[in-house]
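Below are structures written as structure tokens.
First subunit A sits with subunit B, and in the next complex the same chain sits with subunit C.
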Partner chain A sequence: MANVFSRLGGWITERSPGLMPMYRKHMSEYYAPKNFNLWYYFGSLAFLVLVSQIVTGIFLTMNYNPSAAGAFDSVQYIMRDVEWGWLIRYMHSTGASLFFIVVFLHMFRGIIYGSYKKPRELVWLLGMLIFLVLMAEAFMGYVLPWGNMSFWGAKVIISLFGTIPVIGGHLVDWIMGDFLPGDATLNRFFALHVIALPLVLLLLVVLHLAALHEVGSNNPDGVEIKKGPKGNRWSPLAPADGIPFHPYYTVKDLFGVGFFLLIAAFIIFFAPTLGGWFLEHDNSIRANNLVTPSEIKPVWYFTSFYGIVRVMPAFLGTAVWGVLTMFAAIAVLFLFPWIDRGQVKSIRYRGTGFKVGLGVFVLAFIGLGSLGAGVTDKVFPEWFGDVDLATWDNNFGRLMILLYFGFFVFLWAYTHFGWEKTKPVPDRVTMHD
Partner chain B sequence: MGNEVVDHGRRRFLTAATAVVGGVGVVAAAVPFIKSWEPSARAKAAGAPVTQSLKKIELGQQLIVSWRSLPIFIVNRTKQQLAALPGQDPRLVDPKSDGSSSAQQPKYAQNEARSIKPEWLVMIGICTHLGCVPTYVGEMKPEPFDPNWQGGYYCPCHHSRYDMAGRVYKDVPAPKNMVIPPYHYVDDMTVQIGVNPKEAS
Partner chain C sequence: MKYFFPVLALTLGLLAGSASVQAEEGHGSELMSSGASVRDQASLQRGARLYFNYCVGCHSLKYMRYSRMAKDLGLTENEVMQNLNFTGAKFDGPVISHMPPALATKWFGKAPPDLSLEVSAKGADWVYTYLNTFYLDPHSPVGWNNLTLPNAAMPFPLWELQGMQTAVMKPGSAHQVEKLELSQPGRLTPAQYQQATRDLTSFLQYVSEPAALQRHRYGVWVLLFLAFFTLLAYMLKKEYWKDVH
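Presenting the complex of A and B:
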């Protein structure tokens, strides 16, 4: 029997010369630094969620009806009548939020350990593209259930393009395929959400990994193991501080998967809406083009960017500034590798200014998020009594925008003019034997 | 074949010319796909005028009707609401609707009350910021968003504010006054939305 399998394996290998080398290059002989910590779970977890979203998504399409007349009812049908339909939908809706949680943490890992720095700029850029496509994918998926929040979310986000001078109005009609979000809009979003964007996403993930494996993984010490001594247990040429991805990190990641699935299962079974944070209450109401929900807010992962749009005033007769600032907030992330001129990668050996600046940046991001989610509307009156809410929101939001972009200005000056006082970086990862 | 010398200039020209022709072909082939996203003939045709009687709209009340799938606000404005309009001018972006908002209404509605008859407001209820439907807050009493509120519209999405004539306040995200659609009076208490007075006669 074993003979049959090995002969079959040989038969395939002879006819597909790339398979075994590929397995060796990316799994059994991909030497990753041996000092990965908790932060290094989130890349593999993001991949896990991607697979889960694709599988649950395929099964949802089997009962979903992409039309303005039928979409809302078909989602209710999935929730009530399709066997286990509720589970598949809650896996998909919870998966969307968890996707952003692990991606945000994955990006934050890249920032604290300087994983975007030379020679990994391309890995960062491809990752940012994944983030961008993921946002488009999430937005379009959010529109599909055709609840009232879906409808008005679609209207507001598409109208962002309407603020562009001259072509804006026509551009909005072109995106919607109608003068309001309707059948045409829903159908094209469905096509993009289930076919076009997932294909792009998968391609980008492959490129992201290929680019990473070309230069090798960074690590919590920000030390290049390829520049360190050679020779480990498996190969005299491999970096001494590297261990093969398989089985060492596949097993480590499996532990992370177990832990992650435990949390995911808890949310899916006990709190699938998470108090309105993962699934908004207004989206259980059918889309109504004449009534805007009393409080429009996007799902939590967009609230930081939404907060920016909310507080930027119109001037010179156009409202394009909020939109420009929002896109700039994303674009500036792409430029991380070139704004940060510092040579030291890991936060372990970086100056106090970087740590404080990064802390301020995170607070600004969360501050904008709480503004966009309407949290400040509730807590400001509680904390400060009877205040002029609009002015407070505007001033708070504009301060947060200033801090958000201020971090990048500071980071550039701090590293460009050599103000950063770094600690000495060790020659090898701190965990070597 | 017999010619040993490669004419590099000719080769470059042919490569470039092929690439350009191919590029034009790709652009041309993309046109149908891009144009397929335009509103279809059916979507464009669904825009017939709407007729609405004003008889049952009480003082200070707002009725919302649908025209081209857009919400149309019809408000029976009170004397107090109308009287408060001129006082708002200093706080507005374009009180006379002759600046940035000059294209937001037909000529016959380019006045202080932005209407044909002062008491009847007929307006497309779409915020000029990002297209939400602003909430009608007609009562003249202090509101959390404005202690000096004289009645008007408040947008739940990004907190833009308008007065009782749909004129936008300063320092909000929305840049322009809300749009007044073409409309005319069929008789004293009936309006038709979507047709100008001249076209109707």
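Presenting the complex of A and C:
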């Protein structure tokens, strides 16, 4: 039997000599630092969710009807009459939210360990592009069930483009293909969601990994293992602190996958709507252009950016500032490698200012998220009694925007003028467990 | 790393807090706790009987098939066709009310909505509270009003069960209702009526998502398998990593 396999392997190698070197380069001889911690699970988990979304998405497509007349019914058809349709749909809807949780944590890992810094700027930029495409993908997917929140969410988000002076109104009609979200909108969103954006996403993921494997992985110490001593058990030329990705990190990630699936399965089987956070109540009502939901808000993963739009004032005769600020909040993330001039990568050896600043940034992000999700509308009256909610929301939100962007201004000055007091970085990676 | 678990715990705490905020999401006045459960098959059967006796005359369940309902509620085809199906619909067909929508619109101002997804859309507690907060209102065209859905177009169909409630206004106010009082008892005691509406709510919750029964049935096994798998993966990792220092 073993003989058969080795002969088959030989037969393939003879005809495709590039395959084995590729496998070695990216798996068995890709030397990753041996000190990865919990934070390093989220990259492989993001890939797992991507694959799961594609596979479940294919099966949903087989039974979904992309038309304003049939979409809502076809989702119920999937939930009730398609064998295991409910499971496939819940895997897809839960997967969407988990995708963002995993990606947010993955990005945060990059920030705390300085993974965006030289020589990994391209890895960061490609990752940010993935994030951008992922947001577009998620938004369009959210519209497809054609519930009332799908409809009004689409209307509100597309209307944002209407604030652009002069061309705004025409732009909105052009995006929707109608004067309201309708059949034309649904059809083009379907095409973009199932074909166009997934293709772009896959290409970007391949580039993201290729760029990473070219320069090698960073690690929690922010030490460049390629610059350290050479020679390990597998190769005299490989970094001494590196271990082969396969089998070491494949088995480790397998454990991460098991743990992640445990959480995912709990949500899918016991709380698929997660109290209205993953699947919203108002989306169980068919799209209706005459009845607005009691409050229109996007799904949780967009709420931080939506919060910005909600509280930016209109001035100089235009309301475009909210949209501009929202896009700036994403654009500024692209610039992380150039705003942060610090030489020390890992938060373990960075100054207190960085730690505090990052903490404030995270709080601002969560604060804007709770504003965008309408949580503040409920907790402010609870905490502070009978207050003028609109003013409180506006002031709170604007303060959070200030802190969000303020972090980047601070980070630039902090590192540019050499105010940061860093700790000495060790020569070799350290193992903690 | 050393802050990971405290931060994780804090984040989960915040999420749980906001989840409860979301769950309480304002549907008018305060909601009662329904205690509805799709796991109680006897309750689902009683709820189905109430639905087909009092509700289906006006409200369809267009996504629900009689046959699926029979299977999930542990009823035979005969039981369903003789006791619940009053419209002569096929066993495999959906539950469609006999009321012509055009006439219904004429009679009530708006056609009675399909209730297939009512619990998904509004929540079990809302439905339960709605069914418990009807009161006599001489100013309303149908003679009834509702605290949960003010100016509801529906006359109270369960009045012979609950009896009639009247509103006690807040002192010095003509419109603000302080509480409801049972002014004329019905066939059921208040406790029995609450149980009946709980059954009805459970049934509608089942109709909103029949897959919930399957979810609960398979979920435990999936979790057990994954826990076992994770344990194996952990041991495998330990074994492989023995020599990494």
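One rule holds for everything that comes next: the second predicted complex is superposed on the first by the 430 of 433 C-alpha atoms of A that agree within 3 Å, B and C clash if a C-alpha of one lies under 4 Å from a C-alpha of the other, contacts with A are read in each partner's own complex, and residues count from 1 in each chain.
Here, a residue touches a chain if its C-beta (ideal position, glycine included) is under 8 Å from a C-beta of that chain, and two chains touch if they have at least 3 such contacts.
Not measured: the values here are computed from a predicted model.
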{"item": "Touched partner set for A:Phe327, first subunit B, second subunit C, both or neither", "value": "neither"}
{"item": "Partner chain(s) touched by A:Trp174 [first = subunit B, second = subunit C, both, neither]", "value": "first"}
{"item": "Which of subunit B and subunit C A:Leu389 touches, first, second, both or neither", "value": "first"}
{"item": "First (subunit B), second (subunit C), both or neither touched by A:Ala184", "value": "first"}
{"item": "Contacts of A:Ser294 with subunit B and subunit C, given as first, second, both or neither", "value": "both"}
{"item": "First, second, both or neither for A:Leu160, with subunit B first and subunit C second", "value": "first"}
{"item": "First (subunit B), second (subunit C), both or neither touched by A:Thr318", "value": "first"}
{"item": "Shared subunit A contacts, counted only where both subunit B and subunit C touch the same residue", "value": "294"}
{"item": "Residue ranges of subunit C in contact with subunit A within the complex", "value": "1, 4, 14-15, 18-27, 63-65, 68, 116-117, 120-123, 208-211, 214-216, 218-219, 222-223, 226-227, 229-234, 236-237, 240-241, 243-245"}
{"item": "Residues of subunit A defined as touching subunit C within the complex", "value": "34, 37-39, 73, 76, 79-80, 86-87, 90, 220, 233, 243, 247-248, 251-252, 254-255, 257-259, 261-262, 265-266, 268-270, 272, 274-277, 281-282, 284-285, 294, 366, 370, 373, 375, 378-379, 431-432"}
{"item": "Touch list for subunit B against partner subunit A, complex", "value": "37-40, 43, 64, 66, 68-71, 93, 99-100, 128-135, 144-147, 155-159, 161, 171-176"}
{"item": "Subunit B-facing residues of subunit A, complex", "value": "152, 155-156, 158-160, 162-163, 173-180, 182, 184, 188, 289-296, 309-315, 317-319, 322, 381, 388-390, 393-394"}
